[in-house]
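Below, subunit A partners subunit B and then partners subunit C, in two separate complexes.
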Partner chain A sequence: MGNFTLAKQDFLLFGPAILLLAVLCYWPLAWVALQALTVKGELSFTTIATVATGQIFWVSTLNTIYLTTSVVLITALVGYPLAYLVSQASPLWSYTLKFLILFPFWTSTLVRTYAWVVILQRDGLLVNAMRMVVPDMTPVSFLNTRAASTIGMVHIMLPFFVFPLLASMESIKRDYLRAAESLGAKPIIAFWTVFFPLSLPGLLSSVIMVLMLSIGFYIIPIVLGGGKGAVISMVIEKSLSLYPDWAVASSMGLLLLLMSAVALTILNALANKAQSIWR
Partner chain B sequence: MLKKMMFVAALSPLAMTAVAHADSITVAAWGGSYQDALRASFFEPTAKELGITIAEDNLSTGLADIRLQVQGKSVRWDLVDISAEECVAGEKEGLFEPLDYNIVKSDGIDKRLVGKSWIGFVYYSVVLAHNTNSKEATPKNWKDFFDTKGFPGRRSLGNFPSETLTIAAMADGTHVDKVYPIDLDKAFAKLEELKPNITAWWSSGTQATNLIMDNEVDYGSSWNGRIATLKASGAPVDWVVEGGVLNADCLVIPKGAKNKDLAMKALARFVSPDLQANLPKHAANGPVNVKAFETGKLTREEAAKVISSPENLKKQVLLDPQFWGDNIVGIQARWQNLVQ
Partner chain C sequence: MKQKHDPSVLDIDRISVTYGSLDVLKDVSLAAKPGEFISLLGPSGSGKTTVLMSIAGFTKPSTGTIAVDGVAVNGMPPHRRRMGMVFQSYALFPHMSVARNIGYPMRIRREAAQTIDRKVAELLKLVHLDKYGDRMPAQLSGGQQQRVAIARALASDPTILLMDEPLSALDKKLREEMLIEIRRIHDEFGVTTIYVTHDQREALTISDRVAVMSGGRIVQIGSPQEIYDRPNGRFVADFIGEAAFLPAQVRNSAAFMENGTSLDVRGGLQDGQYLMVVRPERLSVVADRTDLSPGAVLLAGRLQRVFFQGETVFGTVLFEGQEVLFRCLNQSKVVAALPPVDGEILLALQAADITLVPKG
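Coming up: the complex of A and B.
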């Protein structure tokens, strides 16, 4: 990266993208920062300090971290074997599986979320299915819980997890595994000592992807969570209409961005370290 | 070529504003079937009478939309329908044009819903509803609803402090006339007690009714319009008007509105008894002007079904916008802690 230089014509290539980002992302972001850090035109950290020490902010932040972490962990536990299966399958199977993973991706998030309501509610599909096994089961509801939010989000996040990981798994040559086995490693040992370390950079970029997308989730916790365990996005939304200026909501947004940046930096450092195995 | 394109791009915002003629106003409301009802009851008759065009737009978050337009000095709306609480808050912030009560006639409208720069528009109510297939005994009022021994079923309430704390203020049978000013500590304590029996804190009208219709809860609060529609369509739900929390939407002219004089005339028509009397034909919302019931447009039978008929008004409590305008910011943190 260090000896990377730019020719004039390169600007023509990525200029439009930079311009777009500047207008639609950097400029509004600067405005948000301005709202958070000024009072009547003067630089002031009062608002952001009040927000950062407030109970609402920390409770909702902890809720967000809890939800996001469970989503990332469960998505990883489900997604990794799935990506592995696809990467090892015959071309026809691999194609079919990819299609099946992508298929729900083309349905709107809102529709999929309401589908979970139908499945998880008291007289829902899940309970009815369970009744086939235990006919006199007392009706229970899985809806309106944190678990319901987590399930709904894992469903939405799975393709985002599988595809970056798959791209990196597919670039791992099978010869490496064969070489390990010909040197006497059992398949399971070959997997853990050769395949898994090589897939780590892909795994981490998938984790980053899911983490970043999950932090700002709003609709799913609202619809499936029953209003309990408010996440930070809900609190920001409430603050927008509650306070006469944008300072509180902007401060929360800024703090959220800061925490995301810290998480991202740590994960990126880990990913870089994992990447070094390839060199 | 690039220069030419940039020139066109720079012009396009101007092109868009040019559409708004002098004899036209833009009204923003909450969209959907609600806005269809407003159009049929108010917008179309007014447009015809005044010989103007009424363009429509939708709100996304409410007061924040107006704030953004006024502070950004690009006011696109001339007349906006928001909640009465938001009207009180917005007036404090100076976001609206003062109303001219020589043009706008406020007689027949509850004094608590007449501000310097806003006026009540339509009523809806948060009522006690239940699933008729539920095996649990049916609560008849909020006192029953808060009695978890006599009524051990599953419950839901709105994730809105003003409505739900007003309900909690009736937990020990307080008469609707004595609810305000609310004893907030007591109301919070009642909700804290009830919390283990609350399955969900709903945040939309659809969610409120679905919870009850799908038997996710046995009983809960719900907006009267949606639950009445469901009942009429044969769903296993019912509701009571007693103890309903009447809530008003209000009309405002955002500060710096381009056609504020015309908007004032339209607003005067919107709150007039004869157009207010149109509303019950198109929606479950009620007229905010009681004189609508004297116009002869509604028969006695029709009037009895309206949520804000003089008879029904006596059975319900008006959510006092002034009280919440003064208190809402302070209690928001307590509320968040409660619903955690």
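Coming up: the complex of A and C.
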């Protein structure tokens, strides 16, 4: 609020967090910007302009947008009904389901990614399962495809999507839906006119969470996607080993940051627009 | 009007609700005439909200039937029952403006935009919120939100208006104002209303009839005067108003107090043990033992304490080992006549005010 003032001792409370962010985030970011935007100590946009107009950058950017969008959409389609189910379940069921959703968190992303390799590879679990239905199927690998990357990432992202959304769904009073029904709305109409709009802020934070995590994801696209549809994080990694300095990689990093900012702005605008529909 | 037998808008016939091994409602029956205002009054856990939820369709009774306008609605989902419901929490949709909230039931029914606008304006006027249509619910005070909730419930053109403790979230002064407001709106709209409350003053003030509930049953139902003046048992007498209970008995159709004082009770009472309901305001302080009207009962006790309460004076008296309360108007003459604390005080109970209820 307007009359919020800080006492000296308050800095003791958030000082450590600020310090951590400064050392581990803001300072490296400033360093990256410096690498990208200077040539021999002089301000220069030559590197970033060259990178931004290069074909490799644009192809990998389109790949990134394609992968991120499909991951966000599929996660939302799977995650929204799941979060809704958990929010409406009895306390015991809700607890059990939350535990089941969180359970994969106990294993590292890397281990879970290689589990997908076991499932999707030639003569893997998926092919063997399919052979039970079609015995003379030719052995085929599902690895090194965009689909493999997408499946693996949806799997990792699901809890990140479900929990912020769930928090907002659980704050929607059950009386709102009862009121809507007593006023003549079928349950499905009550859902679309009352529950869904009220869950939008939560949906937005979930989408942002998954979007931000997906846009720079590296492990899964490289392990499950292989060379297919190289995303921007892979190109950044390659340019680090290819060029003697960090200028090109830093430029791509900055451009990735810029794309994230644009995506965020668009999402926020959409959400505000959506909110005003019901007013 | 046809002079036929007045049909019931609502007819609840022996419904029971069970959760696991817990009986929440046991054989509850209730009928409401068109335009009637009925309160369900009882302590928390007495089942009054469950009755309301059963009428609205959110709770399914295990036995019994609920009929609206003569049609059984047991299997009917809530959205088809045409019950306007006002929730304790108001349940105004926070993402919609006041006007959108009130227009909601009409938009659901796909009425024409002009019709909706006109009706919303009328309803806003009815609840005295003409200029508040564009506000969001969060920008309104508790009392204003309550009025929007009522207007929204009325906008659904309900057969019955159901109100679940609608005033419990408001402060005392506002509660009294809103109570009068609710009754005014009811009279203007003429909609049959079932009103749930744990506050006996609210129930007595606003209702045509009060159903007193306890332990999942309706203990007594009647007009506020009946419930107050002729309670059918200790529970109702104790729950509504203040009362002391003095043991009494009836032998050969004659009633006596424990000390042998004969009680002038009309109407044949069966022989047995009774309790005499003594309400504080029914007792008057008398100067001496001869100053009694015919049939009045004299209670001679010891004055314990006097509490000054503004317009009234309230006192506790020890009578034959039991505490009896009296209340009198704060008039100089009356107050000056009170004996000193610990002195003897004579209280008179008029014959017409003697009420016996069965013991236990």
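We adopt the following convention: the second predicted complex is superposed on the first by the 258 of 279 C-alpha atoms of A that agree within 3 Å, B and C clash if a C-alpha of one lies under 4 Å from a C-alpha of the other, contacts with A are read in each partner's own complex, and residues count from 1 in each chain.
One rule holds in what follows: contacts are C-beta pairs under 8 Å (C-beta built on N, C-alpha and C of every residue); 3 or more make two chains touch, one makes a residue touch a chain.
Predicted model only: the values in this text are computed from it and were never measured.
**Student:** On subunit A, do subunit B and subunit C fit together or clash when superposed?
**Tutor:** The answer is fit.
**Student:** Between subunit B (first) and subunit C (second), which, if any, makes contact with A:184: first, second, both or neither?
**Tutor:** second
**Student:** Looking at the overlay, what does A:275 touch: subunit B (first), subunit C (second), both, or neither?
**Tutor:** Second partner only, subunit C.
**Student:** So in the superposed three-chain picture, is A:226 touching just subunit B, just subunit C, both, or none of them (first/second/both/neither)?
**Tutor:** Only subunit B is touched by A:226; subunit C is not.
**Student:** Return first, second, both or neither, reflecting whether A:205 touches subunit B, subunit C, both chains, or no partner chain.
**Tutor:** Touch status of A:205: no partner.
**Student:** Specify the partner with more touching residues on subunit A, choosing between subunit B and subunit C.
**Tutor:** B
**Student:** Rounded to whole Å, what minimum CA distance do you find between subunit B and subunit C in the overlaid structures?
**Tutor:** Across the overlay, subunit B reaches subunit C at a minimum of 46 Å between C-alpha atoms.
**Student:** List the residues of subunit A that touch subunit B in one complex and subunit C in the other.
**Tutor:** none
**Student:** Spell out the residues on subunit B that touch subunit A in their complex, using ranges where they run on.
**Tutor:** Checking each residue of subunit B against subunit A gives 61-64, 67, 86, 89, 92-93, 159, 199-203, 207, 210, 214-216, 328-329, 332-333, 336-337, 339-340.
**Student:** For subunit A, which residues count as touching subunit C in their complex?
**Tutor:** 173, 175-176, 178-187, 189-190, 193-194, 197-198, 275, 278-279
**Student:** Help me check something: in the complex, which residues belonging to subunit C touch subunit A?
**Tutor:** Touch residues, subunit C against subunit A: 56, 58, 77-85, 87, 89, 91, 93-97, 100, 104-105, 108-109, 136, 152-153, 155-156, 162.
**Student:** Could you please specify the touching residues of subunit A with respect to subunit B in the complex?
**Tutor:** 54-56, 59-60, 63, 117, 121-123, 141, 143-144, 222-223, 226-230, 235, 237-238, 240-244
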